[in-house]
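Given below, in the form of C-alpha cells, are the structures.
In the two assemblies presented below, chain A is common to both, partnered first by chain B and then by chain C.
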Partner chain A sequence: MQDATGLLKETIMILRHTPQQLADRSALTVNPAKTCQPVGAMYAALGIHGCLPHSHGSQGCCAYHRSALTRHYKDPVMATTSSFTEGASVFGGQANLIEAINNIFAIYDPEVIAVHTTCLSEVIGDDLPQIINKAQAEGKIPKGKRVIHTNTPSFKGSHVTGFASMTQSMVQYLAENTGTKLNQVNVIPGFVEPSDMTEIKRIVREMGLKSVVFPDTSGVVNGPLTGKFHMYPRGGTTVGEIRSTGDSRLTVALGKLASAAAAKLLDRKCKVPFEVLDLPIGLRGTDAFIDTLRKTGGVSVPESLMTQRGQVVDVITDMHQYFYGKKAALVGDPDHLTSLVQFLTDMDMEILYVVTGTPAGRKFEEGIRQYTGEKTVVEYGPGADMFRFHQLIKNERPDLIFGNSYVKYIARDEDIPLVRVGFPIYDRVGHQYFPVTGYRGALRLIEKILNVLLDRQDRDAPEESFELVM
Partner chain B sequence: MAVAKDGRVDLIDPLEIKEEMLRSYPVKVARRRARQIVVNKVEDSEQVPEILANTRTIPGILTMRGCAYAGCKGVVLGPTRDILQITHGPIGCGFYSWLTRRNQTRPRTPEGHNFMPYALSTDMQEEEIIFGGEKKLKKAVEEAIALFHPKALGIFSTCPVGLIGDDVHAVAREMEEKHPGVNIFAFSCEGYKGVSQSAGHHIANNKIFTDVLGQLEESKEGKFRFNILGEYNIGGDAFEIERITDKCGLTVHATFSGNSEYEDFASSHTADLNVVMCHRSINYMADMMEKKYGIPWLKINFIGANATAKSLRKIAAYFDDSELIDRVERVIAEEMVEVEKVRETIRSRCEGKLAMLFVGGSRAHHYQELFAEIGMRTVSAGYEFAHRDDYEGRKVLPNIQMDADTRNIEELTVGPDPTRYLPRKDEEGMKKLGREGVNLGEYRGMMPEMADSSLVIDDLNHHETEVLLKRYKPDVFCAGIKEKYVVQKAGVPLKQLHSYDYSGPYAGFKGAINFYREIDRMVNSKVFRLAKAPWQESPELAGGYGWNE
Partner chain C sequence: MIEILDERKSQIYEKGSQTFELSCDKASLAGSVSQRACVFCGSRVVLYPIADAVHLVHGPIGCAAYTWDIRGSLSSGPELHRLSFSTDLRETEVIYGGEEKLYASLTELIDTYRPKAAFVYATCIVGLIGDDVQSVCARVEKEQGIPVVPVHSEGFRGTKKDGYRAACEALFRLMGNEDGGSVGPFGINILGDFNLAGETWIIKEYYRQMGVDVVSCMTGDGRVDEIRRSYRASLNVVQCSGSMTHLARMMEQAYGIPFKRVSYFGIEDTAEALYMVARHFDDPGVIDRTEELVRSEVNRIYPAIREYRTALEGKKAGIYVGGSFKAFSLVKALRHLGIATVIVGSQTGNREDYEYLREICAEGTIIVDDTNPLELSQFMMEKNVDLLIGGVKERPIAYKMGIGFCDHNHERKLALAGFEGMLNFCREVYSSVMSPVWKFSPARHRQAQLGRACDEQDGRAAV
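On to the complex of A and B.
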C-alpha cells in the first residue's frame, strides 16, 4: 500500500491472527455473525406506536441493546430495564418487574409496555404472564394501557428470531377477530430498516390496497430534528391497527425467519390466511411481493411500479458487464441473504460464501442453493462466524463482500470492496432513510455495488486503461 | 474568575428544579431520588452535602447504567491487547463489547499480539444452560489457545454462568495446568453483580492484582518510573500522555489499561509511583499496590491543559529531582504556547456558555477543568456509577455504609509482601511533599471543586435530563451514546465523553486544544439554529395566488 507521500508502507493486518488454514471449532465462536434475541425484540417493540420496550434482566442488557440500536440508527432508542441485582437473581424478578411497570406508567406514560426476557430471567424461570396478571390485579396497569411480553432467551436463536418472537407476541396479545372482515392486508415487513418499512407501505398503497404494516419503526428511529424531543415519536403501528389485523383478508409475511411465526399465529388465532415470501429485495424478490398483492387483492399493477421495475432491468442490462461473473461473499441475516443471493445471481454474479450465525436451518440452505447450486459454501448457526467467513475468503478471494460494519476489518485487510448491508451499520448513514427493498431499493443496491466495483477498477487501472466512460 | 451572570442559572433556584424533577415520581422513587439530587454548597474544610450514590438503580427508570460485565470486560480489561478474552455465556455480551469502546492500541510490531479486534465467546446454547457450560468452556479455551497462542487468557462470566453454577475459576486452574505457558484466570463478573459497572471494575482489579501483578520481575529502563492507573486510551489519550511524559524524561511503566500489554501489568510493582486518572474504576488497585508493595499513589488529572501542567508538577515534586523539575517546567512552557493561542480565540466565543456533564466515575469531574479553561460554566454534573468518595472526597470513606449489593463484591485483604514490600518515601519525604501541596493517596472529589448551587445528580435518568434541558437550556450536554440523540433532538448538542464521538485525544496539551476546538464547533454551530424552517419562524402569508379558495 502506498501512503500520501508515495512511499511504500508496510501493510498492517488488523486481523493478523486469522490464519488461512481452516480448522474446525466446536466450542469457540470468534467474531459472531449474529447477536442475541432481546435486541431484536427491542427493535420490533419500537415499531408499536407509543410503546416502551422493557428488558427483564440485568440493566447491562438494556444498556447494550439501546447502545447498539442507537449507534445503528443515530436516533433515540428508549427502553427500560428491571435492573436485576443479585437478590433478584436469587429470589426471582417478580418484584422488580411489578415495580418497573408501576414506575413506567407513572413517569413515562406509554400506551404499551413490551417486555422481553433475557438469559438471566429465563434461567431464573420467571413466569411473565403470571407476573403481568399480578400487576394487573394489583392495579399497576392503568385502564386502556397494555403490557405484552415475549420470551427471548439469549441462548437460543439470534436477534432475528427475537424480532420474530416479539412480532408474534403482538399478535398474541393484541390481534382480535371481531367477525367483521376489513378490506385490508397485513404486511409483516421483517427485521428491516425503517426506510424499508416506508417503502413497503408505499408499494402496497401504490397497488391500491389498504394495509397494516407491523411492526413499523419508520418515524420512530429515523425521526426529524425539530428542537423538541418526543418520547413516543409519530411512527409505529398503533395498538388499534394491530388489533385490526385479526380482521384482515390476508397476511403477507416477508422473510421466513423474522415474520412467518407471527403470520402463522394470526392464522391460528384469528383465521387470517397468510403467504410467506422472501424479503422484497431485488427484482424478483419485489416481483413476488407485488404479484402476491396483485393476485390476492384482485388489483392490477400500476404504471408507476412498472416504470420503476423497468428502470431496474434497464440499469442491469446497461451495466451487466460489470456484474457478470463477479464473485461475491455474503455474511448477515438469513432473510436478507436469501433475497440478496437471488438478486445477485439474477445479475449473473457468482456466490462463493453465505454465512449467518442465526440458526436458519436446512430450508435456508436449500433456499440459497436453488439460486447458487452446490458449489457455494453455506454455513449457519453456532460456529458460523466472521472468523470462519474471513478464513474462507483467504482461501478463495471474492471480488466483493456484503455485510455489516464489522466486515470492514476483513475488507481492509484483504483489500476487497465492501457493500454495507444488514445489522449493525455503525459507520455510515443512509440505511435509515433509503431502502434496499422494492424496485427503488434494487436501484440503490445496484448503485452501491457499482460504486464499489467501479471505484476499485478506477483505483487499480493502469494508465492506458483508465476509463472515462464506463 | 468572575463570569457574567446568566439568567438561565443565576436567577433559578436549583431546589425548585429538584422539586420539579421529583414531582412526577411515585412516592418511593421520589424519596430515593431526593437523596441523589443535591444542591452543592462547599463549606469550610471542603465539607459538602452528603449524596446517595452507588445504590440500586430503580427498576423501570430509564438509566444510563450498564452492568458488572461491562465494567470488568468492557472497561478495565478490554483495552489490553494481548490478554485473550473469552466471554463465557450466550452470544450477546461478547458481541456488544466487541470494539465499541474505542480503546486505541498500538502493538510494538506489525506481528505483535493484538486480540482487540476479536470477540471470543462460548455462545452458550440451551444445552449448556441445562447441563452446565464448563465442558464447552474448556474446549473453547483449548481452541482459543491453539488459534491465538496467547501469553494470558481471561474468562469473563455473564449472568447465566453464576446461576447455573459453572466454576469458571476451576476451569481456569485446570486449563492452566494443561497449558503452563499461559496465565489463565477468570472473572465472576456476572451482570447482576453490584448495582452498576462499578462492581465489575472492582472484580477486575482484584483478579489482575492476585493473578497478574508481580508475576514478572523485569523492570524497565528509566530513572523516574511510574504507572498510570485508570487511563483507557479512548481516542488516543494515553498516546498523548506518553508523548508528554517522554518529553519530560518520565517513564510510564504500565498503563492500566490503555495501550497496554500483559507484561507491563505483570511487572508494574517495580515502578516507584502510581498516578490515578479514573479514581472510581481503579482506586482499589492503587490501594492494594501500596499495601503490598509500598508504592504510593497520587491522584492526577491529564484532562485540561492546566490540570496536565499541575499533574506533571506533582509527579516531578514526588520524584524530588531538580533536573526533572526544571525539565517539566520547560515542557509545560513550551506546550502552553500553542494551548494559550488557541484557547484565547476560542474562549472569546465560548465564555459564559453552560455545560452539563453526566458520565462515568471521574470524567464528569475531569472535564469541568477543560470547560473552565474556555470560560464555560458547569451548572450540573453527576456520575453514572461512582461512589460517595468520588463526589465528596475520600475523607468520607470511613462513613460509607456497606449495603448488601456492595458486600457481595469481594474485598481482598492485602498485607505487605514478605520480600517485595518497599516503601518508596520515608516519613520526612512525605511531609515535604505535603508542604508542597502534594498529598499522596488523596482524592478531594468533585463537589468541593464545583460552584455553590450547582445541581449534583447521581445516576441521572431520562426524566431528569428532560427537566434539566427545559429549565437550564444548556449550550452543551456531555453523556454517552444512549443519551446523545435524545438531547440533540431537543436542540442541544451532546458531546459523548465515553467514545469522544469518534475523535480525540482530549488528554494532555494537544488533547486540550482538540477539545477546545470541538466544543467551539458544537456550541457555535449554525445547524441547530436551522432546526426551524423559515415559515415556522415567520408564518405570516403575503399573497394569495396559491390554491387558497
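On to the complex of A and C.
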C-alpha cells in the first residue's frame, strides 16, 4: 500500500502484531482491559454536588485521569493534585496535602474535597485520616465544609474497585443515622454513565418512591452549554442527601463490585438493610430492580413502566430471527458484563468470550456461567487483557463484539461489528445522554445490536438478496 | 484583573500594567487544578513515536493505560508504538520487588515482537520499592542482543521537562552503534517533531526538494536504526526546543554537531527554518531550490489565507500550550489571520520565552505560566476571546463558554506544520470560530444584548 509520502507501507495494522497461537504469559500485560483505581475514585467523587476530587500523588496521575474523563465525556473535569515532589516522596505527603486543602478552599471553594491516594502516596505510607484530622485541627477546613478520603493504591483492584472505595467513603464520612427513619430508599447506581443515573432516578420516581441516588454524575459531566464555565455544575448528590442515607429504609446496591461495599457499610454503620442486585441492564436485570422497589415500597408497578417493558419484549419478538445463534464476545467491567450476558442469552445469542482485567474473582465467573453454561471462556485479572481477547477471537470468530473504544482496533482488524459499551468511549457520543439501563436502555441496546448486525448483512449481501424489508 | 491567589500572582502578567517579572520554572502549587503532567508523561510523549521499538511501562497499570495510543504520531511502517505494554505491578511486587516481573515481561515482549530496541519506563513507585531497573535492562540487552534502554521517569522527580531530559538521554544512549547506511553531505536530523497527523512527512518532503538529506527524525515516524546513525548528520534542526534542546547540546558536545532552533509553524517561521538550514550548508543549489520552494508554496497558499482573513479580521484569541516556543509561532500565525492574541500562556515556558512573548504581544495581553481552568476561563471572559488554542483539557472549557477551539496538541486531526499546515490551521480556526453553533450559545446572546445596550447608550442605532 502506498501512503501519502510515497513510502511503501507494510501491511501491518496495529493488531496484526497479535499472533493467533495462544500462549500463557507469566508477567507481561498487553493492551489492558482495565485501568487503575484512582480514576474510578475521581469519577465517583464527581457525583457529589460541589465536590472537588483531589489526587494525592504526582501531578501526572491527576492530569491523566482528568484527560481520560474529559475524552470520555467531552466535558470539563475538575480535580486537584498534591503535586508530589522528590521531597514529598522522602518525607511524606502530609505537608503537600495540608497546603493543598488550604489552597483549594481558598481558591476553588468546594463543599467537599474528596481525596484519593495513588500508588506513590500508598507506598510512602501517608496516613490520610491523620492528615485530614491535622488539617481540621489547624483550622484549614472551613466550617460546614468536608474533606473525605479513600485509599486507592493503583496496584490493587481496578478503576471499578476505585469507584467502589470512594462510594464507600461517602458513607463512612457523610452518612448519619439520626434515629428518625425517612420514607426513602438509597440507590447506589454503580460505575455507570450519567444517563444511566438519570434513568435509574426516573424509574424510582415512576414507582412513586422517594430516593437518594449516590453518587450521581448526571448534570455534572453531561451538562448543557451555558456560555459559562462552571467549576461546580448543577448535578451531583448533595452532602445533605448523602447524610440522610443513614435514615433510609433500604439500600439497593446495583452491581456487586462497584456498589456492594458501600451498601454493606451503610448497614453496619447506620443499620440500613440492603439488597445487592446486578445492574439493571436488559429485561431481567431491570425486572429485578423494579421488583425490589415494588416490594420495599409496597407499591404496584405503574402502567408506564409496564408499557415500556412490553415494548422491549415486542421488539425482541419482532426481530428474534436476527438474534438467534449469533455469537458474541464481550470485554469490559464485571458488573456490566454480568448483566449484559444475561440479556444477550435471553435474546438467544451465544456467548463465546467474557474478559475483564478487573480481578473480579470466582463469584463473577459463576455469575456468568449461570447464564452461559460451561463452554463460554471467562477470563479475569492478570493476563486477561485485550491482547488475550484478540487471540481468543482469532481462534473462534464471533459475529459481534461488545467493548469500549479500544476494542475498535480488534473489530477493524478482524472485520467484526462492534457495539460500544463501557469505559472509556473516546470516539462516539451518546453514552452521556442515552442509558443502557432500564427498559429504555434495553431498547437502546437492542437498536445498537440490530444496527451493527443488519448493517453488516446489508453490506455483505449479494445484490439479488439485498433486502428492503428486514 | 480578576482575583488571583497571592501565590499565583507572580506567574501572571498583563502587558503594560507593571514591570515584567514573571516567575516560572517552579513546581505547581499543591491543590491547584494544574493542566500540567509529570516526568513520566514527558518521557513517554517524546519517545512514543519510535515505531519499531517496544515501550514497556514498569509500574501499576494506570500509566500504561492512559498513554495507550493517545498521541496521533503516525508511522509509515511498523506500529508497535501504538500498543500498550505494562508490567502491571501488583501488591506482591510492591512488597517483594518487581525486578523478576520486569525481567519476565521484557523477555516475553521481545520474544513475541522481535523489536529493534526496548524502552523501559520506570514510574513513581519503582524507585521507592528499590528495583534495579538498570541491571535488569543490561541483562536483557545482553541476552537478546538489542538495546534495552531504561528511562528514569518517576513521576514525582520533577516536572514534564525532566521527563524530556530523561527521554533525550535515552535517545543519546542509542546513538553511535550504527549498522551502515550512507549519509550525504547535506545531512540533518529533525529534532522535536513527532509526526502528529503526518507533519514530519510534510517537513521531510520540503528537505527532499531542497536537496537536504534527513538522516533521522527524533522522534516522528522514528526508527531505531536511523537514530543510531543520526550522529553522522552535520546539523541538528530543533523544533519543540523545550523537549529536545538537551539532546542537541549533548550531540554538539559529543559529536560536534551544531544545532539551530526552528519552528515549522506558520509562514514566516517555516520559511525561516528552511532558509536557516539552506544558509548553513551555503550551497547555491540548495539555496536556489529553497527559494523556489518557499516562493511557490507561499504563492499557492496566500490567496486562500487572505480569504480566511477577511472573515476573521478583528477576532481575539487565547493561547495555552505546553511549550512556549510553540506559542511564539501561534501568535505570528494568528496575526496573518488578523486575529490578536490577548491571552498567552504555557505549562513549561522559561524566563526568556516569556520575555520574548511580551515583546511580540500587544499592550494588555495577559501572559501566564501554569494556569488553571478557573483563571483561564475568567481571563477568557474578561478578554472576550473568540478562540482558544490548547490541548485536551482546555477544549471543553472553551466550548462550554461558547468559544471556538483549535487543538494544537496531541489531538490535532490535521497537520499544522509547514505551509500546507498553515492552510489547515486557517481552515480549522475558521471552521470553529465561524461555526453557526455559536448562534445558539447563551454567551453570544448576552454579548449581543450587551452590544445593543451600549449602542443605544451611545445614541447609535442598534444594528
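Note that in this section the second predicted complex is superposed on the first by the 458 of 470 C-alpha atoms of A that agree within 3 Å, B and C clash if a C-alpha of one lies under 4 Å from a C-alpha of the other, contacts with A are read in each partner's own complex, and residues count from 1 in each chain.
Going forward, a residue touches a chain if its C-beta (ideal position, glycine included) is under 8 Å from a C-beta of that chain, and two chains touch if they have at least 3 such contacts.
All figures in this text were calculated on a predicted structure; none of them were measured in a lab.
Three-chain overlay on chain A, with chain B and chain C in a clash. Contacts of A:Ile101 after superposition on the shared chain: both chain B and chain C are touched. Shared-chain residue A:Tyr322: touches no atom of chain B or chain C.
Taken together, the two complexes place residues 10, 12-15, 17, 19, 25-32, 34-36, 38-39, 54, 57-61, 63-68, 70-71, 74-86, 88-89, 96-97, 99-104, 106-108, 118-120, 123-124, 153-156, 158, 223, 225-230, 357, 382, 387, 406 of chain A in contact with chain B and also with chain C.
The residues of chain A lying in touch with chain C in their complex are 3-5, 7, 9-10, 12-15, 17, 19, 25-32, 34-36, 38-39, 54, 57-68, 70-71, 73-86, 88-89, 96-97, 99-104, 106-108, 118-120, 123-124, 153-156, 158, 223, 225-231, 357, 382, 387, 406. Here chain C touches chain A in the complex through residues 5, 7, 27-41, 56, 59-70, 76-80, 82-91, 93-94, 100-102, 104-105, 108-109, 112-113, 123-125, 127-129, 155-159, 198, 201, 204-205, 373-374, 377, 381, 392-393, 395-397, 399-402, 440-446, going by the rule given at the top.
Chain contact summary for the complex, chain A toward chain B: residues 10, 12-17, 19, 23, 25-32, 34-36, 38-39, 54, 57-61, 63-68, 70-71, 74-89, 96-97, 99-104, 106-108, 118-120, 123-124, 153-156, 158, 223, 225-230, 357, 382-383, 387, 406, 409, 426. The touching residues of chain B, counted against chain A in their complex, run 24-26, 29, 56-70, 86, 89-100, 110-111, 113-115, 117-126, 128-129, 136-140, 142-144, 146-148, 158-160, 162-164, 190-196, 404-405, 408, 462-463, 466, 469, 480-482, 484-491, 528, 531-532.
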